[in-house]
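Chain naming follows the written order as A, B, C and D, and within any one chain the residues start at number 1.
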Amino acid sequence: MVLFSKLEIEKPSELIFGSAKHPLNYGFGLNVGKGEVIPEVKFFPRVFSDKDPEGFKTEVQTITRDILDRAVELGIPSLQIETELTFMETKNPRLAAEIASLQKWLMEKYFDEHGIKLGFRVTVADIRDFREGLRTTANYNLMMETFDAVSSNGADVLSIESEGGKDVFNHSIIRQDIEGIVFSILLASLDMGFIWKDIVNVARRNGCIAGGDTACAIANTAMKLAGGVKSMSLPHTLAAIVRAMSAARSLVAYEQGATGPGKDCGYENVILKAITGFPMSMEGKSSACAHSSLMGNIASACCDLWSNEQVENLMLFGGSAPQVFLEILHYDCKLMNRAIMLGKALELRDMLVLSDKYDDPQALVLSPDVAIEVANAIVSEYGDYYRRVKSACRKIVEILESSSPLRLSHAEARFLSHVKNIIDSLPDDGETFREQMCKTFTGKVPTFREKDYWP
Amino acid sequence: MVLFSKLEIEKPSELIFGSAKHPLNYGFGLNVGKGEVIPEVKFFPRVFSDKDPEGFKTEVQTITRDILDRAVELGIPSLQIETELTFMETKNPRLAAEIASLQKWLMEKYFDEHGIKLGFRVTVADIRDFREGLRTTANYNLMMETFDAVSSNGADVLSIESEGGKDVFNHSIIRQDIEGIVFSILLASLDMGFIWKDIVNVARRNGCIAGGDTACAIANTAMKLAGGVKSMSLPHTLAAIVRAMSAARSLVAYEQGATGPGKDCGYENVILKAITGFPMSMEGKSSACAHSSLMGNIASACCDLWSNEQVENLMLFGGSAPQVFLEILHYDCKLMNRAIMLGKALELRDMLVLSDKYDDPQALVLSPDVAIEVANAIVSEYGDYYRRVKSACRKIVEILESSSPLRLSHAEARFLSHVKNIIDSLPDDGETFREQMCKTFTGKVPTFREKDYWP
Amino acid sequence: MSEVSLLTKLKDAIVNLDFDGSKHLAQEALAKGIPPNEIITKAISSAMEEVGRKFEASEYFLSELIVAGEIGKEISQMLQPYMKDAEIKKIGKVVIGTVKGDLHDIGKNIFGMMLEAAGFEVIDLGNDVPAEAFVEAVKNHKPDIMGMSALLTVTMVEMENVIKELKKAGLREKVKVIIGGAPITEEYAKRIGADGYGKDAVVGVDICKAWIGKK
Amino acid sequence: MSEVSLLTKLKDAIVNLDFDGSKHLAQEALAKGIPPNEIITKAISSAMEEVGRKFEASEYFLSELIVAGEIGKEISQMLQPYMKDAEIKKIGKVVIGTVKGDLHDIGKNIFGMMLEAAGFEVIDLGNDVPAEAFVEAVKNHKPDIMGMSALLTVTMVEMENVIKELKKAGLREKVKVIIGGAPITEEYAKRIGADGYGKDAVVGVDICKAWIGKK
């Protein structure tokens, strides 16, 4: 296990798009984090029946070819394609393998014919059924089989959006229950420790890269609930706090041996890039096709891959939606890469950062200086899953309270001081906390079982 | 008639996004060209029958509300909405008026409730039937009636994509016939002189703004035919030349009294901004939903409004397509506006410019320095529709030949010298040219009739 | 402490989301002999109204509304053993569910919770509810109101289908229909023939209360 | 000038897109008594092949292919009065059109022009052609080949419909079907049961020539 006890990137000026301390080289000549931002395009197939694997294969093939054709038309030099397997595909390792090898074959063809550099990420769905338990169930084994199938059939990078702790989180977030949220992130960390050990083993066995995880089920749920600037569904400060805390959870993949590139929808990747020095995929403005956010520009400030998150294969006037979003990503990347070439990357980064930073607490978290502070708070408690979540929380609350010109409403300010009180009242050690929380949530959240996390 | 005999913006450093020499103020508090780039969002309704005007109204209302809701969620301070009337709507002035006033009513509501500044452009379709003739036909009168109806029912800005000369152009462009293309642009200029006099009168009568026209039917047809970087359908240098020449045509609207903001899909607007000093709408990267282009970033370098061109009202995961593209435009604008606030607009502009400039001849034309050279070539022949087209052509050929690091293929270089020969062989005066060309095209292009342009 | 000031304190405790405090004050009120019915109307219901007002005024978050709703519900349950059967009677009956194809339920759950806090009996059919199940539930439970929610545009069309099926079964006139969810609009509700549209849970509950009041 | 070098010069003139030069050289060839048939095969057709090769090699643009096609066509028409009836016979007959709903025709026009230059008789149904019109044309003109084009994804589905209608009318086996247009792919052509897919006009004409050759 790798323990990150200090930051790999300590200076805010070095936490920047297109450059990571530990770049990666894989696929057909792709260099990630080595002075260039690369578009990572992701699609959602239009297949209306789960019972039609052949239709699925044809659809994925068409989409992949469309994407590669547009890339050639635009003269895109480097590209990553992500295939996020559906439940149906994940439950069918043979189908997943066929799809992966079909896509890889197409990529090889375009690399040979057009010289376009290509990387291929496959994200496996977390198909575990919380009612059955999280470890060593039939679904767990099937999921690992699928990791094995795709990594031995063309995937360059493996990822997952693992969902440990999600039931407790869902219960807690809509009640603003800080204790419950901290507990759910602790659970998520423990779960990741388990599954990422297995994923890293599969990746090593098949000579491919263990990418990273995302706190999608946690932090992005909070982001979506928080909604627009005027929405009062959830405090935006709470969404910001959850984001900061979730970095402590997503870090576990790298502790288990993952090396990046981290997965796009983990907005906490900025913090993780500071800690690990690994390249990261991010999404923001150009993933509006998948969900709205209040951090469209600042999300790109430190990315190495720049993603559209997910778009259904609909036809727009300008081509299929994956083609259209690839084109938009391409121009975003072109701008960043030109800035790098002109030696003005830092200036562009700061424009991107400042265009969002003070408009919403969630954006503030992604600012390189803030991310580094939170990263430090996390590594200062390295090795302790519980204490580092608390530490991230305390740090981000402190930052949010003192970040003018960020303007917080009366309700947000009231909520922040509530969080401070709760955090200060939590026990020092994880054992006590575990006991309290297991008592609280056993029964209350029907799918939660202590032994899924402490077997 | 206004004659532009010199440039309103002479220095390349002053040809820049968010700032025009003659800003405009209209709608609900909107300031265009006065230190801020504003998103202009445009949609295409999903109505499957032209015989369903009620369905149309409901659809436009829903789309408008969706757009305004997303704008409020994102905290967008200023926004322009463009409604481009379909043929069906243009042929039904009462329906067009109802739709315009419905949209305007919604805008007023959101302005009152949320303080969002709003402008409203209505673009009327060119419904003329070339077989019937271009002037004083029933369709022409209907079109003017619709201009009157929308401008007296809420439109702040009037536009059209007028199509004079399009038949001769279509015939000529696929044959690379330079003479025919020059002639078609001359015809387009004459046609614009006629219709824009009427549009400006309608606008003045109703106290609204005559915006501008676009060489969509000419220069964008060439752009679409030229296609991707490797496409050999049409020389990309030809598409670039057509773009430069088309500025001489689109200028006519402003000579007749239009004041901008010029219409989005006129990529020649950069040149027109230099000549007139009026604010311009542009489209590029974020209009990939409507069509692909090789100038996604550079197109934004001088815009005052930033548009998505056109998107069908499909549902994506992140909301309706108009909402999604508004969000993308918003973040583009936010970045440019932050650069302005930081005093770094010129630096960002140059990154945008250089990211595309030398990748395709069409992009080169949009570079501020090049645009100003072309603009000078046009105004040096002010008042002569024919000679200024030739002058623009000669200038852009000269620039394309000497613009390293722009790399032209053998075939492109061969084509460029062909154009130079042709242009040099054309007669000096428009009268001779007119006689030659009318003889060539009468009969050959069945819908072309001299008296539509020289009555 | 006077009865009035005790109930006011209880109300404030709920508004301040103080679970333990509310519980103690409710027990104190019971001990003082205040009728459970009065505790519910004068403290719990009015606390819920106040919280709803604060939410509408952007002082409270939706999540705080939920917590208040849960406190209100627990205290009501605590009071039940002390109430006569007649008093337990709910003010109305509502069947709710998320339509077929839609697996999102947060909005519907909040709505259900707030309805209960407002005194309604709620029958929750869950997520991904097929049209037949809605029709069956209306037939069997004879609710005053049926509520449907959808979070996705692709599933919202199912609402129209449910209403059609209700008509076919001859039940449409027996029940008020209210719909809600992110993609829903007033126009859509009208178009498919629903009786009401709740733009959020607070508004939805207000509409239901108004319908019951008029009966 | 020898016959061979004269025909070579004519061929070169066409390849160089020199309209006037080609016309003069063709007249000269006629005057020298070279049979029109030979002028067509040895100069015009081989010029078209050369231009096609240059296009495939990215030396010529599609627009230059069109100009060459037009020159070839005009010269062929100039030669017709000097040919015996038997010699005018075309190598095959093709019905082409853009499917219903689609108003774009540049691709189809180029294809038609190149087919004619290659010696085919072409019946162009125009744009926005309904399925019945395709069926009627196949019934009446008895072409060897039917070509459909679509520029829009929304209209390309109409191609499948036309093929279905052909089958219904019992004509599917009487004609080869080729399709093309921006949104079309090899897979799509296979899926809807077309015989061939022309990714551009040059490839399309090659396929048609191969089909005719095999007959």
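By our rule, a residue touches a chain if its C-beta (ideal position, glycine included) is under 8 Å from a C-beta of that chain, and two chains touch if they have at least 3 such contacts.
Predicted model only: the values in this text are computed from it and were never measured.
Asker: Would you pick out the chains that touch subunit B and also touch subunit D?
Answerer: Common neighbours, subunit B/subunit D: A.
Asker: Centre to centre, using CA atoms, which chain is the farthest one from subunit A?
Answerer: Max centre-to-centre separation from subunit A belongs to D.
Asker: With centres defined as the mean C-alpha position, give me the subunit B-subunit C separation in Å.
Answerer: 53
Asker: Centroid of subunit A to centroid of subunit C, CA atoms only: how many Å?
Answerer: 36
Asker: In whole angstrom, how far does the Cα centroid of subunit C sit from the Cα centroid of subunit D?
Answerer: It comes to 71 Å between the two C-alpha centres.
Asker: Using the touch rule from the top of the page, what residues of subunit C touch 2 or more other chains?
Answerer: none
Asker: Multi-chain contacts only, two chains or more: what residues does subunit B have there?
Answerer: Counting only residues that touch two or more other chains, subunit B contributes 230.
Asker: Answer with line, ring, star, complete or other to describe the graph linking chains that touch.
Answerer: other
Asker: Judged by the touch rule stated earlier, which pairs of chains are there in contact?
Answerer: A-B, A-C, A-D, B-C, B-D
Asker: Okay, in this complex, where on subunit C does subunit A touch?
Answerer: Spelled out, the residues of subunit C in touch with subunit A are 55, 58-64, 66-67, 70, 106, 109-110.
Asker: Hey, which residues of subunit B end up touching subunit C in the complex?
Answerer: 58, 61-62, 65, 315
Asker: Can you list the subunit A residues touching subunit B in their complex?
Answerer: Touch residues, subunit A against subunit B: 44, 70, 72-75, 227-231, 284-292, 294, 296-297, 310-312, 314, 316-319, 321, 323-325, 327-328, 330-332, 334-335, 337-339, 342, 344, 347-348, 350-352, 354-356, 359.
Asker: Sort out for me which residues of subunit D touch subunit A in the complex.
Answerer: My answer: residues 153-154, 185, 187.
Asker: Quick check on the complex: what are the subunit A residues that touch subunit C?
Answerer: 173-176, 225, 230, 232-235, 238, 409-411, 415
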